[in-house]
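Heads up, the next two complexes both have subunit A, just with different partners, subunit B and then subunit C.
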Partner chain A sequence: MKDIIIATHGHLSYEFKDTVELFVGKKDNIRCFGMTKEKANNAAQKELTEMIGDSDEEQLIVLTDLMGGSPANICAELLMEGHRFELLSGLNLPMLLTLLTQDSNGISAKELVGNILTEGADGIIDIGDVIRKELIDND
Partner chain B sequence: MKDIIIATHGHLSYEFKDTVELFVGKKDNIRCFGMTKEKANNAAQKELTEMIGDSDEEQLIVLTDLMGGSPANICAELLMEGHRFELLSGLNLPMLLTLLTQDSNGISAKELVGNILTEGADGIIDIGDVIRKELIDND
Partner chain C sequence: MIKLVRIDERLIHGQVAIGWTSAVGANTILVANDEAKNDKIKAMALDLAKPSGSKLYIRSVEESGPIVEKFAGAKKAQVMVLVRTIGDALVLVENANGAIKELNVGGLKFEEGKHKLNDFISVSDEEIEQLKKISSKGVELDFRMLPHDKKETLDELLK
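Our next item is the complex of A and B:
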């Protein structure tokens, strides 16, 4: 089972954890980081450095909310300094559900990350457009 | 300015609102719906029906967390019953930021929705892969 860190602005990370647990039950392998207004950048760097620790790409996946935002930038700097983990941005619920339902002993981090990226993008759907087309087809 | 409803499981919707407001300031045009464990399906239907009311695609955009989940399903049923609004799934922070920063008098709902879908999918990035390739190129 992979270690997961959700790192976002505000408290979004904590709510992603609570919400996905409505689907899959309590998860001990998820930790959360929140970049709040009160948190200074060097305190955030220290916190994330300690959370990430000595891991590697096969063991740790870090999910962030926004490319270019502070949580993703701090994690990107840690990668450039030689820390090793998977790092994704643009977190949505399909990505987190894919990670938690497909993470088993057999799957490599590379395959798992590929599936998370695909399911995350495929989960962004213009439902209104789909339904309006169906209604026209059924007329 | 469009009316926006964020409709998710748990309290994710409320936290998306609070978090995006760290970037763009307080927004009066966002309302939130949370499908909690305690909420019965018919109570949820009633609540969303009242929130959506009599609108149209140019005025109201509903953002949901997950295609096939209760909030998206209830909204899809309302569309099929003849209510009119834009309905998207797979909400991430890039989608919400795109909506709030590009929503101006000149833009049509269709163009805005297209941009939200594009920016949402483009915001899902394998940052780890990007950085590892850069490190190799710089060697």
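Our next item is the complex of A and C:
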């Protein structure tokens, strides 16, 4: 099982974990980081570095909410320093669900990341447009 | 092959589309529901909600029994069957000629006049009788919202 860190602004990461557990049940392999407004950048850096330092980086996938935001920036710096985990931004529920439902010992973190990106993008749909087209087809 | 037969008042929703489909490895969904069969809008909504890459059939409750029996012998189709009520499940079981061995009872949320058995199962007196009838036909009842939840039996819930 992969080691997962969700790192976001505010309490979003904790809510992501709670919400995804509605679908797949309790998950012990998810840890959360929240960049709350009272947290200084140094403290955030220290906290994330420790969380990542505690993991087997071959098996670690870090999911962040926003490219250019602090959680993503801090983790990107760690990669530049030579750390070797997988790092993604733009987290949505389809991405997290794909990760949790497809994860197994038989799939590498890299391969899993490919599927996460595909499903994450496929989950963004203009539903209004789909329905409008269906309704025209049915006429 | 029948992978799962489930009672769920919401039919296809996130916990079913994601949780159950992947846990049981279903590639085909049969919704046995008269309203959906007769209402284009409901059918369209179900089609939108189905997991990507899966095949969806919407049939009346009455005609679904023989279809379930046929699916039970199919090799490629890994089928999840969904009904909305306990009454519909009873009709399905009665018409499936023994093809249903196990019935998962999931979301039946509380409504006025029903007994709350746990957080996600509430039933009327009539439905308790229907459940007993289903059970007496040799169908194992399994009360669970999600695949990883602990299975509970009717006896445990009625205690």
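Before moving on, here are some points about what is shown:
Here, the second predicted complex is superposed on the first by the 135 of 139 C-alpha atoms of A that agree within 3 Å, B and C clash if a C-alpha of one lies under 4 Å from a C-alpha of the other, contacts with A are read in each partner's own complex, and residues count from 1 in each chain.
Simple rule for what comes next: contacts are C-beta pairs under 8 Å (C-beta built on N, C-alpha and C of every residue); 3 or more make two chains touch, one makes a residue touch a chain.
Predicted model, so just to flag it, every value in this text is computed and none were measured.
By the touch criterion defined above, A:Val24 lies against subunit C but remains apart from subunit B after alignment on the C-alpha atoms of chain A. In the superposed pair of complexes, A:His11 makes contact with subunit B only, with no contact to subunit C. By the touch criterion defined above, A:Met67 lies against subunit B but remains apart from subunit C after alignment on the C-alpha atoms of chain A.
By the touch criterion defined above, A:Ile124 reaches subunit B but does not reach subunit C.
Of the two partner chains, subunit C is the only one touched by A:Thr101; subunit B is not. In the superposed model, more residues of subunit A are touched by B than by the other of subunit B and subunit C.
In the superposition on chain A, the residues of subunit A touched by subunit B in one structure and by subunit C in the other are 22-23, 97, 127, 131.
By the touch criterion stated above, subunit B contacts subunit A in their complex at residues 8-12, 14-16, 18-19, 22-23, 37, 57, 64-67, 69, 72, 75-76, 79-80, 85-95, 97, 113, 117, 120-121, 123-129, 131-132, 135.
Per the touch definition, subunit A reaches subunit C in the complex via residues 22-26, 97, 101, 122, 127, 130-131, 134, 138. Per the touch definition, subunit C reaches subunit A in the complex via residues 14-15, 18-19, 22, 40, 44, 48, 52, 146-149.
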